[in-house]
Structures are given as structure tokens and as C-alpha cells.
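Take this structure first; my questions come after.
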């Protein structure tokens, strides 16, 4: 039998036909397409599709920013999958901002510190909590033994809340007055209230009811104050027929959404406010109470002399007629309200500006009136037991603070050849990023022999630390969250853990208690709580029931009553208006963008994703500039931006919404830590701006800096 | 090169030689070809039908044997353990906590399976990693709430409540899904409504019952 | 079938552009709700998956008369010409990976059916459809927050906004569990962008249901527009408009603005055309 | 070395020279394959396409090769149905070109889809409303038809033809080719048209949208018509290139003139229709949607009015006129110019109907999107060109593609030259065996 090619042909055809007729072909085809659907086949390699389970919702409070919104966390069995605004919560009533919604991305942030770290040379090595606490306590004991306990300093994000309270208590019983907070709207409100109404007070703005809001650059929908609350108040404007005038050099979202945008030369808001005060006084449109203000006549005299409409117009660039018209309609409005705090209100601010704007409120008599400015007592719901201090503590604590604000601390540390600060705690703040001229902050921190960071992430400041004691993120921790941020009511919320800690982290409150206990002696005596949880229940005992049951305690609501003392002498003395540093022709100002975070934390990957390509393109930051100013620069082209502090390569966005002569650069980019989704993108605008200290207030009031671009 | 050459040569000699008696040779060759064809066809068809499923599916045992019949008689109908929650979602295979409602105290019964259950899972507080015969792909949304009111569980799941032991779970090596979805029959032929759980089976029933096979999103997510 | 059609919902949305602040909550809420992936660089907006995208519109005037408005743009869930369900994308998909749900008016996208030809993307003038150019990848551990309600996508396929259909599925489940399967209260089915919007600018509901807020704001005209027979469901509210209405896409996302220049940017007009027809409730069609 | 395979009486270059050439083109093929591999392995992020440019270079290439490859069906139609016998001199080549074009189109489509393993969904889960479904079905079936049309030519290879089965098969297939030609023509009509429909039905894209005749937009007919009009240009162009490379005259002037004449009249009639369509679109369709036609040609770096002029006048009217007029048609230089312009014209039309459609902003606040293909896209687009060159080279070398080759090149010494060259080489081998 000869096997020829025809046999082979038969064989081949037979095999092909057999396979085709058998179910194998169809099955493989079907399975191969299902294969493309199954996650495990693909390079992104999820081991399994997201597990299904029982749905539940847990209420908590977001503490990513001072807004303190109520959140509802959707969980599948034990797994949180989504954060949403909590309906009926007194601050945000169901709304939520993008950062809060993306909160779970912080939980699994690639830059999270997974376990305590100790700096060894240039590198961090992992250590146990026990070792880390012992190490910190050992170092602190040494400082204390050396007799200068005041050389322990602490920088926290805020002064309120029980965790900050614990830090303050530790410092006090240790013997140091050097507790600092990062600049925030809350601190500015207190400073302003102190200047006009006396210590221990803060200001709330009743934006929900005011029918004529004059905002001196306050980014009411850019994250100012308690963002979601402001969004809601702003959105209700349309139905309430309330007006918003926005005064700032740039057509911000707030300006765009306002009824009127009044472009003004950067840094002259104080002058405009005073010019308006002058108009109001001249036209006798002020509230009769005003004559009783301390310094009223002095102010009147000063304003007539220095702030005539034409003079004000010259300074601010706003037309004299417009100033008069605006001042008159403001004074005549039923519920006028002037709001200060440029941008988010947490950047550099000048007391002159804040006081001048608030003087407008005082003059039209909207203090403690519906739709006006509320003068509230500082939120004081915490009842820590009285401290017992030993001699060292008493001696150290009675010494003067090294500087008034963080800026001066940095300055002092850098100026002295000997260590002014021996040890520094950094809690929930990132001064190496968020302060002007972070390079000098880093230098100062480098000079401090022992730095302990309580950060959840290896951020710019944590990188400089000697020890990192990682904190739970806000979805893992228990904490009381007092509202600040210019709200017209005082609310304390309770942040609750909605998931077991993902990494070997601790509640910062527990970390402080452990350190205090390890320090023994009189310090330990002041921290005789088993845990932070016990401490919290103890110190919030007045409101604990409602905190633990409702997750929130409303401390004050509605229009406060009582006489408010007004002292306008500070402004009547007409302090000097801050000038931008340098002598270039243009002015660089920072821009607050709701989709980014200007404080220490970086925005989440989701938030960064929403950022427009006119703000960030690739790894390049885009600056806004008016086409008239941008001589020779092309839209989307590269340029070099130079300020006295340094230079940066930027892209250009020709923008008609920018005042000529001004360059705007967004805040919140240029992070350098290890999270490729949010870091190493653009530049940190703070690198290009140096602090300018306002005499009298001691605040860093640099609203911008002179710059050139080519 | 040389191959082409050789072939060419062969071709030429062959055709040269065949010229005269080409026809007879053709027939013979074709006959042989037919035999080869049939043999190859049968071999390939059978391997595609019988051998292929064996290669395609891997067999897995459940963590331990489960006696559905016993549970039905002791605990009640299907919804005693597999229920629709208040929000309308479906619990699926019960969690350990549900088992413990009855099995909390002493072991119930003296079977080996009970021992495994208690020692491996109850004592260790570990969920039992049941292999779910009816697990649908991730892209499928199925509302038990919408079906249980008017459809017997059996229609899709078969008489599983009458079984005394857990059958072997067969997993498709390519896709990772249970064999129950395509059905035991490799041709996809079904005798009962529960023999297959592909989309077309859903659509078939929907068409019959509601007059419309439904829109994509009705069952996809 | 016929009965079902009578009961048909027509889910839609109206977005108040005067309230919208461009804050981005809707975008992030959408991404987080729907397991949308992210990558290192998302600044190439033509390769960045955002089912909900917020466009920035300007009036084109120079300083200081410039105005800005933000326009959130989810999938418009077109009903197609005459609102017959032949959406631009649905009619072109070769593999039936997207269909028009006549029961809800929602345009589906089935990720496991799509094979990635991208014809639908070309057909959509709103750029509401996004292609997975990359394998979606999450940083280690982050996949734990993925929701089981929406299947994660794979590379090489198209995805888009579904009006959070899974929330409709859940609402229906709940209605079944409560024994009244046809009664889905307005608040039980709301999209993730709607509930997240801190300004309350988005209103979502059934355009066919006069009790729903969205119907009350939009007041959709059930009759075809006399000036353009392809257009159905035009709003009878003069402040309300739809995007590219005159193409006959019959979108279910309506926009609301007091500002005329904003309404004008909703569609294309020949010179002088707008002034002639702007008073016909923000209308678009030519004679 | 391979002389036994070379058609009887044909002169071909030496074996090494030939394969050196093939190797060079083969390198390009390898480059294309590498890019293809990358695209399948890493995904479509290897391209520069984006969410605005879902359709880009590949789809253009697809449409273009199908347009210029339309010669196969049209020659078949003319020869077998309309019995224009003169075309027998070019039909083999037209079929080969068609085969190359259609296989390339399928290849590009296979590269283009995001999930290749699901490609069969287009058949299995077909949506009958989609023009792309129509394209896929017609394209695949027509490719099958083309393969069948190609087979007889392959079987005419000297060695294959010696097998009597093949010989008879080829002969019989020729006999029934009229059926395939008819089927092919019908299929082609629809897929050329449906490719036009792809753009024309997109009512969300006013630039490409056209009014419909029943369910078919005007572009449906225009695409079919243009393919029928421009194929002779491409066939003649490729023939010319082949002639230049081989240094031989392969197709007689009479055939060439006939083809040119067909092209001339078809192009002219097409371009008149196209101009009418354009005017109607510019004055009625687009304005009814709120667009002035100039909107589509302004405010961008590439798509100016010059594009419209080039497509319609320079590469439409001009070649049409040149090919209609006997004097210019029979002038080889002007004819060459005309066919080159014609090929450019039809490719430009496809470019515009794919890429400009994607580039034009529709929402008033949207912007133009321009795109430059990545090297991977270019390599995979050149891949079929290189493959086409190789296939043409192989078929030319081993198959009797051009029936006129002998009479045109060595008419006198046909016998004298032929026998000694081939026969002695074959005979000794046979003897030794």
C-alpha cells in the first residue's frame, strides 16, 4: 500500500472535519472569549473579582480638612468600598467633596507608613512600636535631664480636639510652651477676633442666610472654610436671591459663580475694604452702635485722609465709582456680610486685611445678626483634668515661646548656631511642604537633633524625621473632630474606625499616651488612661453621650446673643500694607483649586485625575497669565518663571480670567514623596514664594511675590 | 531551496510517469484517502468529544461533604439558609454565623464531615471555602429577589435539595468557572431547565415568561 | 410586552449650571462608585477615563468681561432620532455590546461583549465613551475598595456612564423584597454623581413621572418639535436646554442656566440664528 | 534553481537576486510583525489613538486598500458578466491585487480591535443595524470568493498544473467563475457601500453624516462608485510599477487604454455625484444642524479648504478629464499622472471620511483633535504593503499572471529562446531519477 499525498490529504481533511464537528471548536472559542473576561488572565492580575457580601453603612466624620463633614461609608461585609456624604449631618447634609469621597485611596496610599520607622543614615529601617516608644521616651528624658524641657516643640495642624489636647498636655507636663499650629483659617479667625473683640473668640460667617456677601478673595467654592457647607450655602443663593461679589485678581470659580467679579490688584484687598469703610462713614450708612467702638473717631479721621475713593482706586485698580456703589449697596443690604481669608483661608494672610474686612461687618452692624458675622467663644468642649507638674515642668513651661508662629520658630532655629529646639513632634502637618520657602523649613528641621513624625504617610516632613510613628488614617481611627473654619455653628463630630487598621499603625492619641507613660514620673501621672478611647470618653464627658450615640454634638447653633465689644484701634492706626517681595514687574500669586489640596497632604489619585490639563500637563505645572501680559509666550508653550526665591519651568495658559500683570500658579502640586499617582507633578508654589512677616501681627502675610516670565 | 527543487522533481517525474494510467491510480489514491479521512475524522471527533472535556475541567472536592437532604428535613426549605435580605440582596451560600445558629453548641451528628466542620472552621472561626456550582461570571447581575417569588429554586438549581452528598466541583481550566454554567453535556444539550446556566438559557425563559428576552443591563453590571 | 412599554421609565437628569461649582465631586464619586481605574499620568484628557467629565466653558470675552461656567457631562443616554431608541452609538455597535433599554431609557454598555472596535466612540459627539487603552491596575491593596456592584473592566474595551444602573438594580431588588416591585421611590434610585453633588446642582429621576422633580423642572414636551421632527422631549422650560439637540440625538441629560451665553453654547447655530430662536424655549431647530 | 517552477517561456531574474529582494522587503514585514506583536502583547496603548481618535490610521488604511482593491470585483464583473474580453489580460493581476488588499484589510481589522479573542463576536452576536457588521460579513465572504478566484491562477503554476486533478480543477473553476464573479460583485457592492455607510450614518457627526436613501446614506453609494471608479488607476499603477521593476511590458496598450477609459468616465461621473453631494451637504445638511461648512475646514493646523480642493478638483476632476480625453489618455506620461492623482484622490477621500470626521469638534466648546500615528501603527500599516509586494513578486515569478507577457516581450524568438532555457534543466534531472 502506497501512502501518497492524497492519503495525507484525506488524513488532514478528516482531522479538520472531525475537530470541527466535535464540540471542541465552539467550546474553545467560547471559553477563550470568557477567558478575556476573567480577571486573573490579565496582566493587571486581580486575584478575584471584588467579593460580594452584605451591604452596610457606617457613619463617621471626615477629618481630611477642617470642614469636618459627616460621611457614610458603604461597606461590603468588612470592606469599605465607598465614602459618601452623610445625610442630615449638621455641616454637610449629604454632600461631600471629592477628597472625602476619594478617602479610601488614602487608606491604601502607596506612600503610607506601614510600621514605625527609624532613620539610620539616609535610610529608614523598620522598628517595633515598643522600641520606637522607648527610643522617643529615652531621648526626651535626656532633654529633660539636661534642664531645658522647653526645647521640645510640637507642630500640629490645629489646636483643637483631644489629640492636639494630648500633645499640648504632654508638652506642658514635660515643661515646654512650644506648641505650634500650622496657619489655618481657624487660627486666622482667632487672631482677627482677638484684634477686634478680645481673646478667646472666633468668628463664624452666616453664609447660609446673608443676602449680600462681599468676599475679599475668599474661595467660597474653592475649599474655603468648611467646603461642603459653603457649597451648599452658595448653591442656595440662587433660590434666596442673595448676591455674591467676589473681589480678587483672578476669575476663580467663586468669581465665575458670583453675581459680580471685581478684579483687584493682588494684595490690596485691605485697602479696598478701608476705602469702602470710608464711603460708608462718609455717607453715614454705618450702624449707630459703631460710634461706640473703641477707636471709631480715629478710624474716621484716618480713612477720610488716606482712603478717599480716588486714592483707593489708585491703589486697588478698582474704579472709584464702583467702590462707592459697592460700599453703598453693601451698607444698604438687609443682611450684608464681608468675608476675608484669601483662597482657602489657610495660606498666608495679613491681619490688616482681615481686620479691615471685618471692620466692614462691624460698621454695618451685622455682628451677631442673622446672615452676619457671629462672634463665638472658642470651641471649648474638652475637659482635661488639671495637670500636675513637677518643678522642671513648671520652670520650662513658664518660659516664653521660642517664636509666636511656626514661621518665627523656623527663623529662630535657622538663625541660631546652637540648637534652639532639641526635639520636635510633627503631627498631622507637613511644614516642609506647606509653609513658604520650604527649603528653609527643611534646613531648620535638619538642625533639630531629634524629630518625631506622627504622619500616616512618608510625606516631605516625615522624610526628614528621625522617627516616624505612623498614625491611623481617618477611616481607621477614633477621634473627636471639632468644626472650626468659619462655620456659623459649633459642631463636634466623632470619627469612628470603619475598618481594622490595614497596617501596623496607631491612633496618635495612643502614641502620645504611650510616650507619656514611658516618660514616667509626673508626666505619666497626667496620662493615666488605659487607652486613647478611654481618654476621649473621659475628656468629652460633657458631650460623650450624643457623640457616641449620634456621632455628633451640636454645641451652638443660631444667632448668638450678647453684647460684643468692638475695638478698631488696630486698623485705625493704619498699619502698613504688605508689599510683595522683589522688584520684577509681574506678581505671582498662588491659586487655590478645589481639586487639589494646599495643606500638607497630597490630593488623591482620583482628585489628581480630575485636574484639568490647563493646570497640570504631564509633569508640568501650567501657570495662568493674561494674554496681554504674556508677551511672546505661546499658549501651552514652555516658559521660565523667576522669582527672588527661585526659578521654575512652567507651561503657559493664556487666560482672560487673569488680571494683567499677575501670574497664577496652583497650590498643591510638586509633592515629592513616593506615590507616582500624585507626586513629582509640577512644582510647589511655596518654593517660589518667601515669607513676608507683617509687623505688628507677626503673621506671614506674603500674598505673592514679584516675578518675571520668559 | 533543495526542498522546492525535490518537490518539483518528484512532481515532474510523477506526472510524467502517470500520464498513461493516471485514472486508475487516481481512484486507488482516492480510496485510500477516504479511509484515512474516515479514520482521522473518527479519532478527532471522539477526542474532541470525550477526551477534551477531561482535559478542560479539573476536578475539585468540596471542603467537606454537605448533606442537603438532611438540612432540608431539619432546617426547612432552601430559604432557611439561602435567603433574600431586607434590602433585596441575596445571601448566597450562608456564612459560618448562619451555620452556628444551629451548630453552635455541641456537634450535631457524628459524621466525619461534622468533625471537619467543627475542627477546621468553627473552632478556627474560619469561613468554609465552599465551591459554588452556580457562580456566575463577575459581569452578571442576578436578582434572586425578582425570581424567588414566582420561580422554584429547582428550575435553575435542580434538585440539589435532595442530594445527600456534595458532588465533585469541576472547574474550567481556561475560564475558572464551574462546569455547571456550560452544562455537563459538552455539546451544550440540555434535558432539564437546570442543566445549563448560560445567558441564552436566561433569555429563553424570559422570552417565554415575559415575552421579551430583556435588555442587556437587566442582567449585566 | 405592551404593558411593560406603557410603564416604561425614562430616567434623565437636569443639571443646574448656575449652581455647579466645578468642584469635581461628581467625577470622583462616579469613579469611586464604578471602579474606574487611574494611572500615573491622567493629564492627557483624551486618554483619561472619566465617565463624568466636567467641561469648562467660557464666554470668549476678554478681561474683565470673561465668564466661566462648568458643564458636567455624563453619558447623555440618547434616545436617537424621534426618541426611537436608535442612539448614535447603539445603532453602530457591530456586536450588540450596547443596547437601548426601552424600559428605562438607559443606554447600556456590556464590557464582556465589547471587542473594542471603537465605532461607538466615533459615533458619539459628546465623547462620553472611553476606551481602556491600558490594563487597569491598582496599587497594592487598593483593589480591596472595589465595589462588587460594577464589574471591573479589562483593557481593549469601551466603557461609559450607566446612570449607575446597579443602583437601579438594587432599588428594584429592594422593591421586590418589599413586595411592591413596581414602586421604586424617587430617592431610592439616584446616581452617584447626583447624591455627591455638594451644590445640589444635579437632579435625577424619571422624566416620564410627573411627580419626579426632574420632570417638573424639565417639563419635557412629549410631541416632536414642529421645527425638527427628529427632536422629541424638548424642554418647555425656557431656561433648560440639551446638548446638540438639533442633531436629533434626544439626550436625557438636560441643562439649566439663567445665562443666555451658556444656553447658546449648548448647540451650534448659524450666524444670526440664535437671536431668532432663543425665545423659543432655548430652542435650536431651523425652519 | 527554482526554474522548474517558473512559468514556461518566461524569463525571471536569478534566484539569489530575487530572494535578496524578498529578504529586504521581508525585513519590513518582520518590523511590522514586531509592531503587531507589541500591540497584541501590550495593548492598543502602543498606538497614538485616543478617545477622540478611536478610528485612525488603520481604519483609513482599511478603507483605502478596499477602495483601490475594488478592481478584482469590477474586472470580474466586466469580464464575466459584461463579457468585455479584453480584460482577460489583466484579470489575474486584478484578482491578485484584490486578494492582497482584502487580506490586508482583514489583517488590519484584526490588529485594530481591542480584544482580538472576541473578534468573532461580530459574526456571532451580530447587530444587523451596524454598518460595521455588514462590512465584516461582506468582507469575509468576499475574501473567500477572492480566494476561490485566486486558486485557479495558483494551480496554473507549471508544476501544480502537471497534477491532472489540479489541472482539471483549475479548468473547471474557470468555467464556473462567472458565478463567483457575480457573487463577488454583489458582496463588493455592499461592503464598499457599507464602508461608506460607516461614516454616513453617524448622525452625531455632522461632518460625515449624509441624508439617507431608505436605510443607506449617500456615502454608501459614493463609496461603491468611487471604488468602481478608481480601481483601474490603482491596478494600472501597480502594473506600471511591476513593469518598471521587471523591465518588461506586461499588459498590452489596448487593455491599458480600455482601463483608462473606463476609469476616466467612472471618475468623472463619480466626481460629479460627489460634488453634488458636497454641495447639498454644505448648503442643506450641515446648516440644518447649525454648521456653516467652513467650520469643518477652519481653526486647525491641517484640515483646510485645500483638502477639499485637492480631493475634488486636483485628484478628482483633473484625472477624470485626463483619462476621458483620448489624447491625454494615450499619452503615457499624462496617463501616469492621472492614475497617480486618482489613487491619491480616493485615498484622500477615505482619509477625510475617517480622520477628519474624528478631528472636527461637534460640541461648540470642544476643540480640534489632531493626531500623529505611532511607529507601531505605521509599521503595521506598512506590513500589508510589504506583504503585498512579496506576494506580487512570488506570483509574478511562479505563476502565469500576465497572459500577454510572452507576446509583448519576446514575440519572434518565442520558441527559440524558450525551449533551451527551461527544458534542458528539467530533463537531465528526470533522466537520473
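For reference, chains read A, B, C and D in written order, and residue numbers begin at 1 within each chain.
Definition applied: a residue touches a chain if its C-beta (ideal position, glycine included) is under 8 Å from a C-beta of that chain, and two chains touch if they have at least 3 such contacts.
Since the structure is predicted, the reported quantities are computational estimates derived from the model, not experimental observations.
K.L.:
Closest chain to the overall C-alpha centroid, by per-chain C-alpha centroid: which is it?
P.N.:
Central chain: C.
K.L.:
Looking only at C-beta pairs that count as contacts, which pair of chains has more of them, A-B or A-D?
P.N.:
Pair with more contacting C-beta pairs, A-B versus A-D: A-B.
K.L.:
Counting only Cα atoms for the centres, state how far chain A is from chain B in Å.
P.N.:
The answer is 55 Å.
K.L.:
Could you put a whole-Å number on the gap between the CA centroids of chain B and chain D?
P.N.:
46
K.L.:
Using Cα averages as centroids, what's the distance between chain A and chain D in whole Å?
P.N.:
So the centre of chain A lies 63 Å away from the centre of chain D.
K.L.:
Centre to centre, by mean C-alpha position, how many angstrom separate chain B and chain C?
P.N.:
That pair's centroid distance is 39 Å.
K.L.:
Check each residue of chain C and list the ones that touch at least two other chains.
P.N.:
Expected reply: 44, 96, 111-113, 135, 151-152, 154-155.
K.L.:
Quick one: which residues in chain B touch 2 or more of the other chains?
P.N.:
In chain B, the residues touching two or more other chains are 85, 87, 89, 137-139.
K.L.:
Multi-chain contacts only, two chains or more: what residues does chain D have there?
P.N.:
Within chain D, the residues that touch at least two other chains are 115, 118, 121.
K.L.:
Could you please specify the touching residues of chain B with respect to chain A in the complex?
P.N.:
These residues of chain B touch chain A: 29-30, 32-49, 52, 56, 85, 87, 89, 91-92, 137-139, 172, 174-177, 182, 186-188.
K.L.:
Once bound in the complex, which stretches of chain B touch chain C?
P.N.:
Going by the criterion above, the answer is residues 84-89, 137-139, 141, 143, 145-146, 149, 210-212, 215-218, 220-221.
K.L.:
Under the touch definition given earlier, write down the residues of chain A that touch chain D in their complex.
P.N.:
29, 32-33, 35-36
K.L.:
Could you list, by residue number, the parts of chain A that touch chain C in their complex?
P.N.:
Against chain C, chain A makes touches at 34, 36-37, 39, 42-44, 46, 49-53, 76, 79-85, 92, 94-98, 101-102, 104-105, 107-110, 221, 227-228, 231-232, 234-235, 238, 251, 253, 256-257, 261, 263, 502, 594-595, 604-614, 616-619, 626-628, 656-660, 676-677.
K.L.:
Can you list the chain C residues touching chain D in their complex?
P.N.:
44, 46-47, 55, 57, 71, 78, 81, 86, 88, 91-97, 113-119, 121-127, 129-135, 154-158, 243-244, 246-249, 264-271, 273, 284, 286
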